[in-house]
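Note that the chains take the letters A, B, C, D and E in the order they are written out, and that residue 1 is the start of every chain.
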Amino acid sequence: MTMAAEQPGYGSRSQRRHWFSRRLAIARRRLPRVLGLVRPGHLPGIELEELAGMASKPGPVHITCTDYCAEQCQVQEVTDIGAFLESHRPAWSAVRWIDVDAVTDMQVIHALAEKYNLHPLAIEDVLDLNHRPKVEQYQAEGRYQARLFLIVRMLVLDGGRLRSEQTSIFLGHNTVLTFGESAGHVWDPVRQRLQARGSRLRSNDASFLMHALIDTMIDSCFPILEHYGDRLEEVEVSVLERPSPGAIQEIHALKRELLLFRRAIWPMREVLSSLQRETHDCLSETTRTYLRDTYDQTVQIIDIVETYREVAMGLTETYMTAMSNRLNEVMKVLTIIGTIFIPLTFLAGVYGMNFRHLPELEWRWGYAAFWVVSLVMAVAMLAWFRLRRWL
Amino acid sequence: MTMAAEQPGYGSRSQRRHWFSRRLAIARRRLPRVLGLVRPGHLPGIELEELAGMASKPGPVHITCTDYCAEQCQVQEVTDIGAFLESHRPAWSAVRWIDVDAVTDMQVIHALAEKYNLHPLAIEDVLDLNHRPKVEQYQAEGRYQARLFLIVRMLVLDGGRLRSEQTSIFLGHNTVLTFGESAGHVWDPVRQRLQARGSRLRSNDASFLMHALIDTMIDSCFPILEHYGDRLEEVEVSVLERPSPGAIQEIHALKRELLLFRRAIWPMREVLSSLQRETHDCLSETTRTYLRDTYDQTVQIIDIVETYREVAMGLTETYMTAMSNRLNEVMKVLTIIGTIFIPLTFLAGVYGMNFRHLPELEWRWGYAAFWVVSLVMAVAMLAWFRLRRWL
Amino acid sequence: MTMAAEQPGYGSRSQRRHWFSRRLAIARRRLPRVLGLVRPGHLPGIELEELAGMASKPGPVHITCTDYCAEQCQVQEVTDIGAFLESHRPAWSAVRWIDVDAVTDMQVIHALAEKYNLHPLAIEDVLDLNHRPKVEQYQAEGRYQARLFLIVRMLVLDGGRLRSEQTSIFLGHNTVLTFGESAGHVWDPVRQRLQARGSRLRSNDASFLMHALIDTMIDSCFPILEHYGDRLEEVEVSVLERPSPGAIQEIHALKRELLLFRRAIWPMREVLSSLQRETHDCLSETTRTYLRDTYDQTVQIIDIVETYREVAMGLTETYMTAMSNRLNEVMKVLTIIGTIFIPLTFLAGVYGMNFRHLPELEWRWGYAAFWVVSLVMAVAMLAWFRLRRWL
Amino acid sequence: MTMAAEQPGYGSRSQRRHWFSRRLAIARRRLPRVLGLVRPGHLPGIELEELAGMASKPGPVHITCTDYCAEQCQVQEVTDIGAFLESHRPAWSAVRWIDVDAVTDMQVIHALAEKYNLHPLAIEDVLDLNHRPKVEQYQAEGRYQARLFLIVRMLVLDGGRLRSEQTSIFLGHNTVLTFGESAGHVWDPVRQRLQARGSRLRSNDASFLMHALIDTMIDSCFPILEHYGDRLEEVEVSVLERPSPGAIQEIHALKRELLLFRRAIWPMREVLSSLQRETHDCLSETTRTYLRDTYDQTVQIIDIVETYREVAMGLTETYMTAMSNRLNEVMKVLTIIGTIFIPLTFLAGVYGMNFRHLPELEWRWGYAAFWVVSLVMAVAMLAWFRLRRWL
Amino acid sequence: MTMAAEQPGYGSRSQRRHWFSRRLAIARRRLPRVLGLVRPGHLPGIELEELAGMASKPGPVHITCTDYCAEQCQVQEVTDIGAFLESHRPAWSAVRWIDVDAVTDMQVIHALAEKYNLHPLAIEDVLDLNHRPKVEQYQAEGRYQARLFLIVRMLVLDGGRLRSEQTSIFLGHNTVLTFGESAGHVWDPVRQRLQARGSRLRSNDASFLMHALIDTMIDSCFPILEHYGDRLEEVEVSVLERPSPGAIQEIHALKRELLLFRRAIWPMREVLSSLQRETHDCLSETTRTYLRDTYDQTVQIIDIVETYREVAMGLTETYMTAMSNRLNEVMKVLTIIGTIFIPLTFLAGVYGMNFRHLPELEWRWGYAAFWVVSLVMAVAMLAWFRLRRWL
């Protein structure tokens, strides 16, 4: 992976510190916010009329419609949404999946919302790209059909930054609508499997497609976990072998990112758990069995994230203790030097005094005696230090 | 925002410290208390007679009555509460909303309590402005009508201080009574929407109005969260780059304020959760669907507050470790200087002694030898430091 | 309040330290114990016969009997318990409340236990003054009548010490028995309200009286909370502005006292919660409604205590960081002084040596050059310190 | 108590340190293990045949059989278990209690297991002396009779060491079997009460005897709690007044012992809780009422242990802060001395130089001026220290 | 055990540090990962066809088939899986247990999966060797039979490293399939017991065999716990008596390994708990009774691990405090030496000055006076230190 190229060389300390700092710079400015669509004083929910009045955002959008049944599968790029929605679905189509890969063009959303009678609250959630993953059942009520509405978030490691992209999924009896956050090709593997003759995906119903989409999202967490595991082990080695000041910044960054990771994955667990528990017309029994498997994976991911967080927390303590050890060592050296030489310096000072009557200065062996006394004192000190186990 | 103007210039350290201190001064004296209406030895609940005997507090009060149905809406300022309550409500009025924006005038409260048969316990709660958010169902019992009684608190960031204002809401079948804490215009956006022709608000029932009021309150938390997020990131940068002594005070203040924030928002979650669960005559099904959305937002807010708190907690540790690093660095410098020069000073002292018989002093190259020995010792020390990785 | 008189003057440090120490002395020896009536090898429960054989404890005891109905109320001090219990209760008396303010006289307890058929386990609990608050239902069984038995504890701040006094309450259909811990006048406000004509208390049943007693106890917590809030804010200011060594002792004392406070109030919450949930013959519906209010207050108290504890915990960290900052500052000064002067002293030592051949000493501008070199070195050091941001 | 004799004299520091160390030595090697009867690869449960083949352990064993009914009670020491089990129980005996005080003699256990049809799993639990307290219901199934099987542990403070002894109790309809861990007289108080005419114990059924046994065990915790409370208060005083290095070892030992205490008492709470909840043929209603009381005591014990642990945890923090304070103080002294004298020493060094041209040396008032300058510098430094609040 | 040979000699410090480092090296690179069979973009579950296409991994595999009933037992090594599966099971065989000790040979797995109709999701779980322990009920549905599918993990201490090996167990009515992780003889003790005439294992059903397998796995945890207990006590002694820098690394390693241990054992508890709760056709009542015992053991293991972790956590704090104590001691020595000699050195410097007019130098008793003053100052300092309890 290209990630490997980023590993610090362990060569010089300044290099490593630099490398940590670069990472830190990347880590900055990433506390979660909720500002997306909050319009204080406005009612939640966006009615069709309001939607019509909203301005589209710049950026490309691709609409892909996939019709399939056990026997065949047809993928088409939709360019004229109006014309497309007016035409009828082919009779052989067991499941129709319309994927809008970015919610920029309000006209597209308006057209789909009108055609499929989406609930105003759900429309608002689709447009608000900072939503917490959730699952909601819209029961058939008035003009609204029974639908399962999901918001899921896919974790992406983007240049070292943890980002999550929102996907909204509407699940009907034989229709799946998905709205992504930004134009891209995240669903290509699923589409390829759909096109493969005799794939298990094709012979199942719409809810099974939904499961495949969620499963793809959860799978994408594993390389990210791997990335954090590598970084954690790397800092651990650095802290235990030679603690550098940059390490604490890396630990701080790791703790924060793991916190955000957990915060992002936790509601996915809730979503999968409630999908398993609840019964809904649109959810087949087979899908439920497979969702249990995806749920298990999510539990395992959370488990590992928690383990990482505890290790990171323990690492801070270990780091502080290592620092404290170092300080002790440094101070011991100073103390040993000081304790030996400060008294000796005093002694030398004494015989540097200019008193007229300073008898020792006249002695024949005065100077030799001075050295003997000095050496005895130094040796005595060293012996005392050894006794106290400072050496 | 004006908040931006408050940002420290990062220019000089003294400036920043000053700025942190100012904030600290603001933060002081803000631990929560419960002293409002506690009258030890008194029974809880205020009967109408007792209410009549209570003195009004100074301060203005505005009473606004809004009558509306799908077709029309009429807002009137009430000045004479007695006359107003005696007159009949217009026949077209589907919902009547009486808003008292401050609970200062006891006569007003007495008149409304009498007219709408409010429960003594509820009256006391309305007057006690330090109440925890809660929802209570008063079932029809004797002269009391079935009512839903809510206490909610709106968070306000007032000059950097987190304050919460209480609003009491009585929800009847087609009547909503609201009592605010201090005169102000918090409900103006709601009133404007009511006056807009064809608004969703107008075509729904009284409980939907209650939802709109709560939603407005929850929405007001977002800029406050944003404010804390900014401050947290700012301190984080400061701690990671150059830890100043003022930062710890800011971290402490932030931790405390986030604690109070959480304490204020948490019971709102409970209120919304129980509103969703319970069934009550006055709560329509539509309102319940919309309350679910508001509940989701509250959960998200709590989520973010918890994330902020964990980051702030990790920051204290990081700060201490950074401090410890700095101390290590400082001590290393002292130790290096001391370890090199203290022995050399001793040596110089030795040859400054005035012994009559000190042979080295007479040597031709004595002085040069002294320098050579000194340099060798200094270089040896430096080499040893490098070996121990202190340099 | 007299409490205000205790506030430290912030004048001199020694004064403050003294003040903190005094408080500490007060705080000592206050860990909770359970030794009251534990008699290893004995069966729990005290039978009437055993009770008869137990020795009375010294100390006064007052027995007050209050009979009331909606129309009238009569309070009598009972001196001869035997005679009193033999006489009949007045016919008009709706509720009879017998209050024994200290459990010292075993004869009194024996007489009441016999008259009202108290359960042996309940009698033991009445005598054991270290009991955890609890509520127990004694169903009618054999000679025992259906009764609700409560142990509640009232928090008292006694000379800065948190103490809790136990009160045992027996609630029958129209009788309330209360046993206090020590002679005093805690119930005087309740008795006064009973004597007030037309009071709500008088027109309700025996369980409502029980509620009034519990409510009085809970209300007494508020000034104590206020006291801790004041102390906490005071220490907070002290820690943030100029951390003194005494502060850590005060924080420790505060944390410990808040721990005991929480420990004392927490079971009260459970008692109130189970009173609300359970149905019992003796509990009227009105009382239950009012108990909900008292329960809310207890929750609020616990909420505030938890907030205080978290603030206190954060304060320890802040204190340690402040200490660490101070140490850094102190060490920096020493290091700066040392780093500048130690090399210079060496230099001065060099030219104080008595080598015969020391050419610099003979130079014309030797001395001036020495000063120049010294100044350059000092300035270079200072520049370097500024570069590292130590100045 | 003899424990009091162990209290340190507070006289000299070395004495106290010695005392702490001795305690520490006692505390060592006491982490809980589970090695008793684990036989990897073996099936759990011990069949009668297996039991017959197991070797007895050395050590005395006493078997005491107590038969009683309301009217009389007979205690006999059993020496020949075979003969005893063959003889019939007296007709008047309402309850038979066979107490085996040590599980060393396999023949005894085999005989009882055969006679009373004990379940293989229960037999294994009886022999494994490291078992967690638990309660199990063996329903009548095949040859096994309905029985309640309990494992309880009695806490003993043995020369400062916390130890727990296991007792296994089989409760039948009118039979109680108890198996102790080591020969002793723990049940003597219960037996004495049984022999007392008219005791409550005698007039109740077998389950009431079981309650009396458990109650005796729980009561034995109180002096141990008292012991820990004393030690904790003692260390607390030591830490707050003059923190000695030995204190941290004592705190560590206390924390660990309280951890083990909690670990030992917690499952007792579960046992008592499930005894209260479950209904079983052998458990009478009266016993259940009394068990509630014992349960309350256990909750109180756990409550106090938790309080102690939190205090001990807070104490570590307080200790570290106190240490940090001390370091600050020590460093301040060094810094003050250093900062004043290091520059002065340099100055003295300057005028000790032997430059030929050193004009100040020739001045009339040079020496006096030197002292003046020195004093001014010293005073200036002191003033600066006072300004920074270091003095 | 060989483990004992690893114990450090406590001889020299360098030896111990070396020993700790070696351990650390062992501890490295062991954070849990989940990479086994994750194939992003693939559907979970492996169909028979897919399995057929997968490549076998290198390494030996042994297939052992054990048929038994109460009367007899036959063990055979299977070499040709195809031939074996085609032949019929002997009529007397009550339970057939097929054990595959390594999942390397895809053909073997394919053959068994086809024969016993294993579910695609279960097959994937068997192949993924990093799975979390779990229990799943596959109800009879279509061609799939009712089966209980378990994944359990056996903890192994491999050269000081904690490793866990996965075993997948399929339980049918009279068939047990087990798939191990690597070739080995873990089940030999169970097989031996099966071959022993009259063993309890043989007279029970297939689910009882499953219980025996799980029980063997749980039993294998005890020596590992013992190992950690030893290491913990060893570090504890080291920290409390003479804290070495290597100890913190050992504590860190221990904390991390205990974390992994807990993480590995916790889901086993869940598995056993759900096996007890759920009813399933294949689970006999007897097995359930015995599983309760195994569950109790697991709870005890978790209990001990938690205790160890808390002790280890307390140890870090104790270590830091001990370090802090040491620093204090070191600094005290430096400060005492410095405070005594720095002023004296200054004094000696003063009388080493060459001022022409320095009257003291001329005094008769000047030199003697110097020593007197020096001694008085030193003694005064020492007295002051004793006063402050530094000595």
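Just so we're on the same page, a contact is a pair of C-beta atoms (placed from the backbone, for glycine too) under 8 Å apart; a residue touches a chain by one contact, two chains touch by 3 or more.
The structure presented is a predicted model; accordingly, all values stated were derived computationally and were not measured.
Enumerate, in label order, the chains that touch chain A and chain D alike.
Per touch definition, common to chain A and chain D: E.
What's the fewest number of moves from chain B to chain D, given that each move must go to a chain touching the current one?
2
Indicate the whole-number Å distance between the mean C-alpha point of chain B and the mean C-alpha point of chain C.
27
Cα centroid separation between chain A and chain C, in whole Å?
44
So which bits of chain B are touching at least two other chains?
Chain B, residues with two or more chain partners: 320, 324, 327, 331, 334, 338, 342, 345, 349, 352-354, 358.
So that chain B leads and chain C is second, what is the order of every chain round the ring?
Order of chains in the ring, chain B then chain C onward: B, C, D, E, A.
Using the touch rule from the top, collect the residues of chain D that touch chain C in their complex.
Residue list for chain D touching chain C: 189-190, 192-193, 199-201, 212, 215-216, 219-220, 222, 225-226, 229, 232-233, 236-237, 240, 289-290, 292-294, 296-297, 299-301, 303-304, 307-308, 310-311, 314-315, 317-318, 320-322, 324-325, 327-329, 331-332, 334-335, 338-339, 342-343, 345-346, 349-350, 352-359, 389-390.
Can you check the complex and tell me which residues of chain D touch chain E?
Of all residues in chain D, those touching chain E are 13, 24, 28-29, 31-35, 38-45, 47, 121, 132, 134, 136, 242, 245, 248-249, 251-252, 255-256, 259-260, 263, 316, 319-320, 323-324, 326-327, 330-331, 333-334, 337-338, 341-342, 344-345, 348-349, 351-354, 358, 360-367, 370.
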